[in-house]
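What follows is a set of notes on a single structure, which appears directly below.
To keep things simple, chains are lettered A, B, C, D, E and F as they appear, and every chain counts its residues starting from 1.
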């Protein structure tokens, strides 16, 4: 079965991204496919490479990057939500005249159409948020 | 009278930073002093210079930077909360081996002690959050 | 993608205090291009999104309430509003914006997009979907 | 800074679902160095922060519940817990951690830090503060 | 002059206003802001709880947030006074402390 | 096989569980996760609403979130079944759709 996942809250602030991560891991372990993880609202902040969590805490961004690499996951950050919140990739930073970017490896920034497309293609769409 | 202000939620996601801004402007207009604005929890994200809000929307970070400059406000971002969420200044980026920083002009990163100190020094402490 | 799915956007939160209502609307507008069978549900505090006379000048946030009236142009024409949610909040249909669409199949007659439903009918609407996106 | 103010940290949210409980505790620990008169209030869902037996292994979050037991070492010894909030949640004092401090003025006798108060007494505690920080 | 309490959550979704009312004392004031302003309307499932609270508590609502949400000032419950941001500042200054119910 | 509903908010603070219960239909399931797991305990001010809901709705709770919050499995209300994340995945797969009550 094909799952599509939405993450709607920021890392550390809310448990949503942790719950999504645990769900995705369990789904993959059971042999299901995860067609895409779409980060929306404050969920876009999961994809910053600049976070430095305490060493005795989980490393949320790194967990996703690693899981994404292992299972070739499509980790998509909503561009509209990301721009409001200051999450940029190199291209977007250049285009907008910003002198830095902060997206982490394994994530890509794209439009809201990717959320609808995920809903169409997945057998089940599940949102983790607040 | 001296006001100390805490902002506890992220920009755009929650109205807290807007309400705090409107309150601070009104307090200053009435001749009060605002001894410090302390950004905590997701409130630290107010201080990113990488956000690109829609042009027909308010520019939250720029509003604070401008108000801060006009009134010499002490805009303090909590370092512990900021590290979890990926908000860094140049020094911290260097120290942590990160290849970019994202703090905006007019904000400074400091410890939680600044919150307690604000509570001691201000006549009234007011929190805008969720 | 030839498959047509039934998409329901569930709105249970008030506008402005948090961004969910506004970013939900952004998804609906983009989603309209995908030719799916789209419905919107407004229940609990979500009914507050549709009140008329919203004026955000003094709080400085962008007033996006006019966008609901434009949904018809995007062929988003089914806005289910829960009656019990209105009543608990002291509201009636008269407190909500007048939202209409032009019915192509009926000589472009203007028809109301808001469909007032009971809680039980709302449950039926929810149970009849393929994809439920909550905001 | 010689002035001593009464600081109350108000905890009304459950732990782990959101970060407020944990970051509140971080403020309390830092604040302890400032030699103010510190109290903590636990009411509504905040009482859940003090439950014993928390085990976060399976959700992957850091378990910070032991920190409450260390508060005494920081001379944070007044933890007001609202009785009605416990009762509504089916809890009694027995469901909470045993949190103690050593009373310097009484030959370092171990005394309970948790003070069970009624809602009316909690209102009195709140009204007796200089600075109220809410999480 | 007592405490200024602020409440910023809709009382139809969240218990915060009720908890605030249960802890406010005679001479205190409650100011409803952001989504909390929905609590200020009359004829709702929570307006009874607001206006019949036992204590002698002054009730205020931030007019800017009321207007944003399209709530007509005529719909406000008896005894609720609308203030602007400067009025909010005055309330904060005139009370001994501010407690924000988050 | 109906809808899997998830609820992630404490029912003592937030109306979401009650709203979900009011919209769940016979054959649906409700899974309590995150702060929603507090709703699964017996002997609370909301446990009556949970277990006496009219519809034939199966009730589940995510054990990992229950353990994190120190709620003893023995305190669970009658008729609530604890599942792990793999059980959550099974519930999502076995129902026709998932509705997340946020």
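Here is the rule we go by: a contact is a pair of C-beta atoms (placed from the backbone, for glycine too) under 8 Å apart; a residue touches a chain by one contact, two chains touch by 3 or more.
It should be emphasised that the depicted structure is a prediction, and the values quoted were computed from it without experimental measurement.
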item: Partner chains shared by subunit C and subunit F (touch criterion as defined above); value: A, E
item: Leading chain pair when contacts are tallied as C-beta pairs; value: A-B
item: Same or different contact residues where subunit B meets its copy subunit A, judged by the half mark; value: same
item: Intercentroid distance (Cα basis), subunit F paired with subunit A, Å; value: 26
item: Whole-Å gap separating subunit C and subunit D, where each centre is the average of the chain's CA atoms; value: 43
item: Chain centre separation in whole Å, for subunit C relative to subunit A (CA means); value: 27
item: Residue list for subunit B, restricted to those that touch at least two other chains; value: 12-13, 15, 19, 22, 41, 54, 57, 125, 127, 129-130
item: Multi-partner residues of subunit C (each touching 2 or more other chains); value: 12, 16-20, 44, 58-59, 61, 131-132, 134
item: Touching two or more other chains - residues of subunit F; value: 8-9, 12-13, 15-16, 34-35, 64, 84-85, 97-98, 100, 102
item: Every chain pair in contact, whichever chains are involved; value: A-B, A-C, A-D, A-F, B-C, B-D, B-E, C-E, C-F, D-E, D-F, E-F
item: Residues of subunit D that touch subunit B when the two form their complex; value: 1, 3, 5, 7, 19-20, 23, 26-27, 30-31, 33-34, 36, 131-134
item: Subunit E contact footprint on subunit C (complex, rising order); value: 12-18, 44-45, 48, 51-59, 61, 63, 65, 88-90, 95
item: Contact footprint of subunit D on subunit A as seen in their complex; value: 12-15, 18-19, 21-22, 54, 56-58, 130
item: Contacting residues of subunit F [partner subunit D, same complex]; value: 8-10, 12-13, 34-35, 38, 41-45, 47, 63-65, 67-72, 75, 84-85
item: Subunit D residues touching subunit E - in the complex, by the definition given at the top; value: 10, 12, 20, 43-44, 119, 122-124, 126-127, 129-132, 134-135
